[in-house]
Structure formats: structure tokens, C-alpha cells
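Two complexes, one shared chain (chain A), two partners (chain B, chain C).
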Partner chain A sequence: MIDFIDYLLGGISSGAIIALMALALVLVWRSTRVVNFAQLGQAMFTTYIALTVRELTGSWFLGLIIAMAAGLVVGVIVHFLVIRPVKRLDTSGAIIATFGVLIALEALAAMVWGGDPEAFPPPINNSGYEAFGRIWPFSPYDLLVLASVVFLVLALSVVFTRTNVGLAMRASAFNPEVARLSGVRVNRMLVRGWAIAGLVGAVAGVLVAPLSTLSPTSFDIFLVFAFVAAVIGGLDSLVGAVAFGIGTGLVIALVSGYSDSSNAPLVALVLLVLNLLFKPEGVFSHHKARAV
Partner chain B sequence: MEALVQRFPGARLGVNAVTALVVWGLLTWVNQVIEPLMSYYLATAAMYATAMFGMTILLGLSGQVSLGNGALMAVGGYIFALTSMNWQTVPILGTPWNAVWSMVFAGFGGVVFGAAIGGIAARLRGPYLAGLTLGIAVGVPAIANRFPELLGGENGLMLQVPYPAGGYTSGDTSDEAVDDGGEVPLDEEPVYEELPDDFGDFDEEFTDEFGDELDSDPGDLSDEDLLTEDDLLSEDDFLSDDDFLTDEDFTTEDGFEAGIDEEIPEEDLLSEDDFLSEDDFLTDEDFTTEDGFEAGIDSDAGADLDAGLDGGSEASEGADITDPAADLDLAGVDAGLDAGFAIEQWQASMAIAVACVVGFIALNLVRGRQGRVWQAVRDDPIAAAVSGISPAGSKISAFVVSSLFAALAGAVFAQILTYVGPGAFTLGLSLSLLVGIVLGGRNSFIGAIIGAVILVWLPEFVLDVSADRGWQDQITNNAPNFIYGLLVVLVVLAAPGGIVGGIQSLAGRLRGQAKSSSSP
Partner chain C sequence: MLRIDALSVNYGAVEALKNVSLDVPPGRVTAVIGANGAGKSTLMRTLAGLEKPLAGRVLFNDEDITGSKPEDIVRMGIALVPEGRSTIPDLTVAENLKLGGMWRTHAQRATSLTRVYALFPVLGERRHLGADTLSGGERQQLAIGRALMTGPQALLLDEPSLGLAPLIVTQILELVEHMARDSGLAVLLVEQNAATALRVAKTGIVLNLGEIVTSGPAREIAQDEELRHAYLGY
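For the complex of A and B:
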């Protein structure tokens, strides 16, 4: 039982980060009906930028801020250079194009920073708290991660529910035609969706890097986890992405704890298959996933 | 041609067979005349093409974006490795095992996995399917870690290629092997490959360092010094598989050194007394034929042949072997000289044969009814369903066919690498297949072939450029992928039909211009 609690505690922060990544995928999907398979490639790239800034200035926080700005810029660039021109063609073209961006970004990162895994040490103590005579697998850094994620999610929900911009973005996602007729500049909203997704992804990247190492391909596995969480959550639903992001993180922590971490992708795959077979539209959405 | 085919329905089969045979003959001839290194590229390109014929059907004709084909190649590769390593006879049939059976079972495994994945995939569209297959590409190779005893874990499995004369068990693994005499048991086979190479090194080093001893008169030897029966090599004296360096030993320079150091205890090193005179050494001629080899052993192989080999390895330890491929090439060339062909040529002939068989099957499927069914479902599932076509069945069949091709390509890949492991079937492999088919042109088999050639050629081209410009390694190694990524985006934007589609539309435009200019 104490093992179970330990594994759950250890999974909370990675679950929170997967929630952010799933959130980024959902934000892009809502704005342009594209799953951005390059999302975590962009996050990997901005995390390298954060690492460089941190090495130059010694400030983790400055690295985070610059990574967020870079994520915003990269998201906008990818949207303008790739997605907007491709979207007119076909959906499979857009999917392939995002994979092209992923390949190019991973190779570019390896060219600039080298392909070897690099350590990205946590900014604060990452050893577990001590209480009741034992050490719990929950550290000050986990607390920082959790606080950052909660803050970001709350800020996003305020933007989406309490501001005019958020209302316009929701309108464009819900029905672009009607939104346009109502005077919403839909294209501008799409760009904002990509920008916010890039920013959220960048935060997730900087937060997740200390939990393992940073290499050009080290986020590939998180792409799978985030996709699983986003799809189970409904791909359309911000709440679903957050809930099932944390859920996916906890399941993975339990699987890794009781068996081996190499099983995690398989379990994620099983979750995805079960979801796609029995509730393909996702739990929080009535969106149609089956074509036939 | 179309008129002919319409009048005689069987003619289509004949045309496709002739096409495949002509391509096979042409490539086989090319394989005979080019260098072994080029044969290696040819083998790799043929392997990629085999897998990408399946991508043409899945992505081009059926319109499904799949990243799982690298994982399906892993299925084929692992089945090939496991069956060829563990099965002496074919179960149920009881006939002797050989590589062709391994290919058959690899293909069968591909069909089963393809049906399973296709069954799920047929219910999904666009991004859901891409995400699911992405998970498969990442998750399936991890299964190897789940069963380390059976599948070799992270290290993978080494397998023997049925080259040049041995088989896995029975010896008649392929036509080429039969031609060269298939009776030689497996254990001795590597000796054929490695001996001349190591001896060469040994001889050279030896002469440099101990020239005096070598020049000394063999007449000094007394009767006791002559070799007796006991001195002849027994089976045990031959190097067993374990004694050979495996690919793992070559991964890094350190790994290589460590491997050598472990293999050779101090006692095994040659003392001066152990040295044979120059005449005692086997020359290359002794190895040319099987009989020659036996004769060589019988006459004067020398007591310390194995010690000599060890010494040879020791001597070559100083040699700068950083690139396992380069070393493999060397061994291949030397052995190839003896056997009449290099291992790369054998691999290429096998890969070409598989690619042509697969291409023949693919042509028949695509040019026939099934091809039209796939396209109908891709373009309009509802209209297809109204016409009595099952859209789900069509999508599943596309998956099954592409999985079959991928699994066969995986079996070929396993033989080219003589290794299967999670490191060989990464997400990168799946992405390469996608890159190749998109660049070449996803709607035609020519596009698949062009894509395969690009995948093999571009890294070599970048290597050449980098050698000229003096780029750093980390740039050279990653530049091909960077270029692939950019090209994929560009092709999707500017020419969704890839190179073939681009050429077709260009030709169509030129023809249109010619027509309009000729008409008043």
C-alpha cells in the first residue's frame, strides 16, 4: 500500500507536465483541426534554448521566460510557414508536414547542440520531503512543477472564460464561419491558438527536462503520452486534456513502479487502443473520430 | 497495351511478370559488376523499396498515414531471427529449415499484425490513425525489453547470414549457398570469412617486428619440431561463434578494445618459439575452394592456428577501426575474393529478389480490381460503400498488404545488418519510410523506388560534401535528417505528388503548351 502511495506521489508532477503537453495539442487542434505532431519537437528546441540561456546567465527563471517567448515565436512561425499553406490541401498532407517539422527540428537541435543527452538540473532541491520518519517521493521541485502547472491552467481558463479574446478564440474553434460573420478575425485567433500552444509546450519542456535528460529525441515518448491523454480527453476539451494528462501520468508511474518503465509506452498504447475502440470521440467531447 | 490487356485478361499478369523479371535481371547484372560497397547500398535501397511499396498502397492508394511500418519491419526481422536461430525443421511439415521458410514466417507474422492493427485503424481517420501508429512505432520495439531472454532485450539478437556456403542448419538456405556447396556446418563458416583477413594482418605485423626470426632457415627445425597429428587442429581449436567479435564489440573504440582484451589471455599470446616460418602459413590460394581449404589444413596448417589468429587480432588491435561498416566491407571483400562474390553482393541479390517478388505482387494488386477499390474508398468512402465495397475491409486489406511487405523488408533488413534489436527499428526508421515515400511520390511504385534511392544516396552525398567543407561530425550526421524534414514540408506544400508527381504535372503542362501552340 505504501508502495502504491509512493508511486502515485512520484507520478503527480510528470502527470501535470503531460497535462500541459496534452493541453498544447488540444489548443492547436481547437484552432486549426490539426494535431501538431511537431509540438514536442518545438518544446524540445525551446528547452535547449532555455538550457543555453541558463548556462550563459545562471538563471533558471530567465531560461524559462526566454523559452516561453521562443515557444510562442516558433509556434507562430510553424503556423504561418507550414500549416496555413498546407491546410488548404488535405488533412494527410498537414499530418505529414508536422512530421516533417518534427524531423527537421530534431535534426537542427542535434546539429546545434549535439545529439548526446545533456543534464538539465532542477533549479531547486529535487530530493523528497521527509515526514513521519520516512522520505516521500515528492520534492520541492515537484511542488514547483505542480504550482507552475496549476498557475498556467488557471491563467488559461481565466483568459478563455473571462476575456473577449478568449471568447473570440472559443467562437472560432466552435464554428469559424459563424464567428467570422460575427466579426471575429478568425485567422488571427488561429495564430493566437498556435502561439499559446507553443508557449504552453515550452513550459512543459523546461519543467520535464530535469526529470530525465535532454536530447533531441528524448521528448518523442512524451509526444505519445500527450497524444494518448489528449485523445482520451476528447482532443477538443481543455478540461479533458488536463484531467487525462494527470491520469496518464499516474498510470505510467504505477506501471513503471510495479513492473518496468520500458512497459510505459505499451500501456499507453493499450489505453489508446481501448479508448479508440470503445469511446473514440473521447470522454469530454462529442467530436466524431470514426469516419466509417 | 491497355487494349491488349482488355482483350486478354491474363495478359496483365504476363506484363507485370515481365516487368518484374526485367527489373530483376537488370539489377542482378548491375550487382555483379559494381563494387561490394555499392552492392551494400543496392541491398539497402532494395530493402527500403520493399517496405515502401507497402507505403505506396497504404498512404498513396488507401490514403492512410501510418508511422507503424517500422514496427512491422521489426516484427518481420525478429521472426526471421528467431525462427532461423531456433528451428531445425519446419514445424508440422518436418522439412529441413532454411532462410526461405524464415521469410515465409516473417511475412505471415506481418499479415497477422497488419490485420490486427488494420482492424483498429479502419475505424479511425487522419490524426487519430497517425497518433495510434506513432504509438505503435514507439511501443512495439520496446516489447524486446519486455522479454530479454527470448528477444535479447536492448542488445538485440545477432544472427548468422547464410553466407557463403553454410546454412542455418541444413545448408541449402538459398540458391547461392547451394551453388557453393552447402555441406559445411555452421560453426566453421566464420572461419572462412575471417581467416584470410586476420592472417594478412598477422603476417604483416609479424614481418615488421620479428623479421629476423622469419628469415631464419627452416632447416634448423629438427624432427621434434615438425607437426604431428596431435598438432593438427581439431574441431575444438576452431573459433566458436563466441570467440568472434560481434557488432557490439565495435560500437565504440573503447568497446572494441575491451572486447579484444577479454578474449586473449596472456598465455595465449605467441612466444617466439611458436612462430611458424613463412612457408607454414596458409596462403590465400589454400582458401579458394573447400577442398583447397581442407588440403591446406592437412598439409601444414600449423599447430597454433588458433593462437595465430589470436595474435592476429592482437596485432590488429592497434589498427584504427572506428567504423564497423568499413571493417565489415574489408572482411567481405577478402572473403568475397575467395568465394567468388562478396557478402554485400549476396545480400544485394537476396534483397533484389525479395523486392522484385514484392513489386510483382504489388503491381498485380494495384493494376487490378483491388487497386481501384482502394482508390474508390480513399476518394469517397460513402460512394464506395454504395457501390458494394466495404470501406473498412478495403482499409484493412491495405494495412495487411503493407504489413506483409514491411515484414519481408524487415527480414531482409535483419540479414543485411545480421542483427535485430530495438536500436535498429526506431521511430526514425518509420519516419524515414514516410520521408522516402513522400519525397519520391506516394502514388506510384516508381516514386517508392526513387524514395528508396534518396534515402540511401542523400547521407552519402552529405558525407562527401562534408568531407570537402570540413564540417563537424554532429553537423554531418544530422544534416541529412534536417534536409529530409525541410524537403518533406516543401514537397507537401509545393508538389504533393512528390518527385514523380512533379515530373508528371510538368510533362502534362509541357504537352498542354505544345498542343495549344500547335493549334492555331
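For the complex of A and C:
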């Protein structure tokens, strides 16, 4: 029983980060109906930028802020350079193009920063809290991660539900034609969706890096988990992405705890298959059916 | 106010509109009637900028707006209420209305909102509810309300009677007709339900297979039995 609690506690912060990554995928899907497989490549790239800023200035926080700004910019660049020209042809082409971006970003990062894993130490203590005579697998850094994710999700939900831009973005996602007929510049909203996704991904990258190391390909595995969480959540639901992101993190922690962490991707894929078999529209989806 | 000059539009491989010209003057309802596939929706979608014409021009207050984007056309003052479910069910009633005319000033939008709630009191009562909780007639009111929120000079109504009870259709159309007369709004109404449309319209235009068959005072067209049998099916 105490193992079970330990595993769950250990999975919370990675679950919260997977939730952010899934959120980034959903933001892009909602705006352009494209799964951006480059999302975590973008996050890897901006995390390297954060590492560089941190090495130059000594400030983790400044690194995070610059990475967020870079995330916005990279999101916009990928949208204009790759998606817009390809999307005009067809959607599956755009999805394949995002794989191209992923590979290009990984190659570019290897050229700039080298292919060897680099340490990205946590800004605050990452050893577990001590209580009731034992050490729990939940650290001050885990608390920082959790607080950051909660803050970002709340900020996003305020933007989406309380502001004009948020309303225009939601309307553009639900029904672009009605949005345009109402005077909304839908293309601009799509770009904003990519930009915000880039920012969210950048935060996820900076937060996840201390949990392992940073290398051009070290986030690849998270793409699998985030994709599974986003799809099960319904791919267009922000709530679904957060809920199943955290859920996926917990499941992975349990699987890794009771068996071996190398089984986690397999379990994630089994969950995905079960979801597609029994609830293909996703749990929180707005739409009745969808083609993946 | 709105002038359509020799407009031709292809819809896929089909010639949906052939050399169509008509005027939509302010302060009254102009009705375009015809059977399914006559090109009525294509006409509306082209006017709103959703389809690009092959030839011809659309003039609005003597300005050539042919080929402009939908989001620019609505900002110029032409609002389309498209056919069918043109509300967004995932948003609340108030959000659907707020969506219309976001580029306008706060004061302009507040005035329009008050007016919409006065015209359609049920929207005010249900403003915090999801649009998916509304009945068909209420949704059509919401769709018209959203269009009015953009502060239009010309209102394009595409088949508002679709799927609604006759009594509700008559109520909505009479409201629109009053609005046109009171505020100088130019209304272009496209309908398969010719009898109802011609009752509120001043001018009627009969469209068949993409071409204008005849046009004239709505009352005369409504009484022309030959026309009715040949093109309107009643």
C-alpha cells in the first residue's frame, strides 16, 4: 500500500507536465486540425535556449521566461513556414510535415548544442519531503512544477473564457465559417493557437528537463504519452488534455513502479488502442466522430 | 444599396449562377425564391465572400466588393445568416451574440445587444445557457441576433424557414420586415418556402437552375399561377 502511494506521488509532477504537453497538442489541433508531432521538438529547442540563458545569467527564471517567448516565436515560425503552405494541399501532408520539422529541429539542436545529454539541474531542492519518519517521493521542485502547471492552466482558462480573443479563438475552433461571418479574422486566431501551444510546450520542456537530462531526442518519449493523453481526452478538449495528461502520468508511474519503466510506452499504446476501440470520439470531445 | 451585376458562379463543376443581376434596396425585404438547387445558397455565399465568382460584380454603396473576404465584407456592413445551424452550440447564447462585431466599439456593441434582446426577449432570458439548449426557432433568432450584432446595413437571410414550424417562421419574418422598414435595413431573403417569403417581401425574384426567370412586385408573383406551378411547386 505504501508503495502504491509512493508511486502515485512520484507520478504527479510528470503527469502535470504531460498534461501541459497534451494541452499544447490540443491547442494546435483545435486551431488547425493538425497533430503537431514537432511540438516536443520545439519544446526541446526552447529548453536548450533556457539552458543557454541560465548558463549565461545564472537565472533559472529568466531562462524560463526567454524559453516561453521563444516558444511563441517558434510556434509562429513553424505555422507560417511549414503548415500554411502544406495545409493548402491537404491535412495528412501537414501532419507528415510536422515530423519533418521534428527531425530538422533535433538535427539543428545537435549542431548547435551537441548531441550529448546535458544536465539541467532543478532550480530548487529536488529531494523528497520528510514526514512521519520517512522520506516521501515528492519534493519542493515537484511542488513548483505542480504550482506552475496549475497557474498556467488557470491563466489559459481565464483567457479562453473571459476575453474577446479567447472567445474568438474558441469560435474559430468550433466553427470557422460562422466565426468569419461574424467578422473574426480566423487565420490570425489559428496563428495565435500555434503561438500559445509553443509557449505551453516551452514551459513543459523547462519543467521536465530536470527530471532526466536534456538531449536533442530526450523528449521524444513524452510525445507518445502526451499524444495518448490528448487523443483519449478527445483531442479538442482542454479539460480532457489536462485530466488525461495527469492520469497518463499516474499510470506510467504505477507501471514503472510495479514492473519496469520500459513497459510504460507499451501500456500507453494499449490504453490508446482500447480508447479507439471503445470510445473513438474521445472522452471529452465536442464532436460525435472523428478520423484520426 | 447592394447591387449584383451579371454574376456567374461555379459550384464545383456545376454552373450554379448564370449572369444574375439584381438590386437589394434599403428599407424593405427582397425575396429570391426557387426550388432546391436553383442557386439560392450559392448567391448568398458569394455575396458574403464565401464563394468566389467567375464573372460579374457585387457593388455595395457603389463600391466594388467582388472577391473580398467574408470577415471584411461583414465589417463593411453586409451580414449573412447562413442556412441551417449557424449558431455555435458549444458557446452560450450571450457568447454567440458577443462573437458578432468584435471590431466595433464597446458602446456600439452595447446598443446592438440591447436592441437584440428587445427584439428577441427569449435570448435575454437564456443568455447564460448553452446555445444547444435552444429550440429550432430560438436558434434561428440567435443566428439573426448574431448578424445584427455586427451592425449591418444589409442582412442576408438564407432559408430561415428550414425545419421550423410555419407559425414561428411567419413571426420571425414579420419581425425582420418591421426591422427593415423601421431602420432602413436592406434585407435579401432566400427561400424555398415561396408563399411565406412573398408575404413579407416587396420584390420577388424567381431563380431557376441558376438563372433569373422573372422578377417584380412580390404580390404579383405570388398570384401568378403559371409561375407557381412551373417553378415554385405549390
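Convention: the second predicted complex is superposed on the first by the 285 of 292 C-alpha atoms of A that agree within 3 Å, B and C clash if a C-alpha of one lies under 4 Å from a C-alpha of the other, contacts with A are read in each partner's own complex, and residues count from 1 in each chain.
Criterion: contacts are C-beta pairs under 8 Å (C-beta built on N, C-alpha and C of every residue); 3 or more make two chains touch, one makes a residue touch a chain.
Just so you know, these numbers come straight off a predicted model, no measurement behind them.
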**OP:** Judging by the criteria at the top, classify the pair chain B and chain C on chain A as clash or fit.
**Re:** fit
Original post:
After lining up the shared chain so the two structures overlap, which partner does A:28 touch, if you call chain B first and chain C second: first, second, both or neither?
Top reply: neither
Original post:
Touching A:262, do we find chain B (first), chain C (second), both, or neither?
Top reply: first
**OP:** Please indicate which partner A:184 is in contact with in the superposed arrangement: first for chain B, second for chain C, both, or neither.
**Re:** second
Original post:
Once the shared chain is lined up, is A:102 touching chain B (first), chain C (second), both, or neither of them?
Top reply: first
**OP:** Have a look and say if chain B or chain C is in touch with more residues of chain A.
**Re:** B
Original post:
For A:171, is the partner it touches chain B (first), chain C (second), both, or none of the two (neither)?
Top reply: second
Original post:
Taking the superposed arrangement, what is the smallest distance in Å from a C-alpha atom of chain B to one of chain C?
Top reply: 16
**OP:** In the complex, go through chain A and note every residue touching chain C.
**Re:** 164, 167-168, 170-171, 174-175, 177-186, 286
**OP:** Show which residues of chain C lie in contact with chain A when the two form their complex.
**Re:** 48, 50, 69-71, 74-75, 79-80, 82, 86-88, 90-91, 95, 98-103, 146-147, 149-150
Subject >> Contact set on chain B toward chain A in their complex >> reply: 59, 63-65, 67, 120, 122-128, 130-132, 134-136, 138-139, 142-143, 145-146, 381, 385, 391-392, 395, 427-428, 431, 434-435, 438, 474-475, 477-482, 484-489, 492-493, 496
Original post:
Touching chain B in the complex: which residues of chain A?
Top reply: 29, 34-35, 37, 81-82, 85-86, 89-97, 99-108, 110-111, 114-115, 217, 220-221, 223-224, 227-228, 231, 235, 260, 262-263, 265-266, 268-269, 272-273, 276-277, 280, 289-292
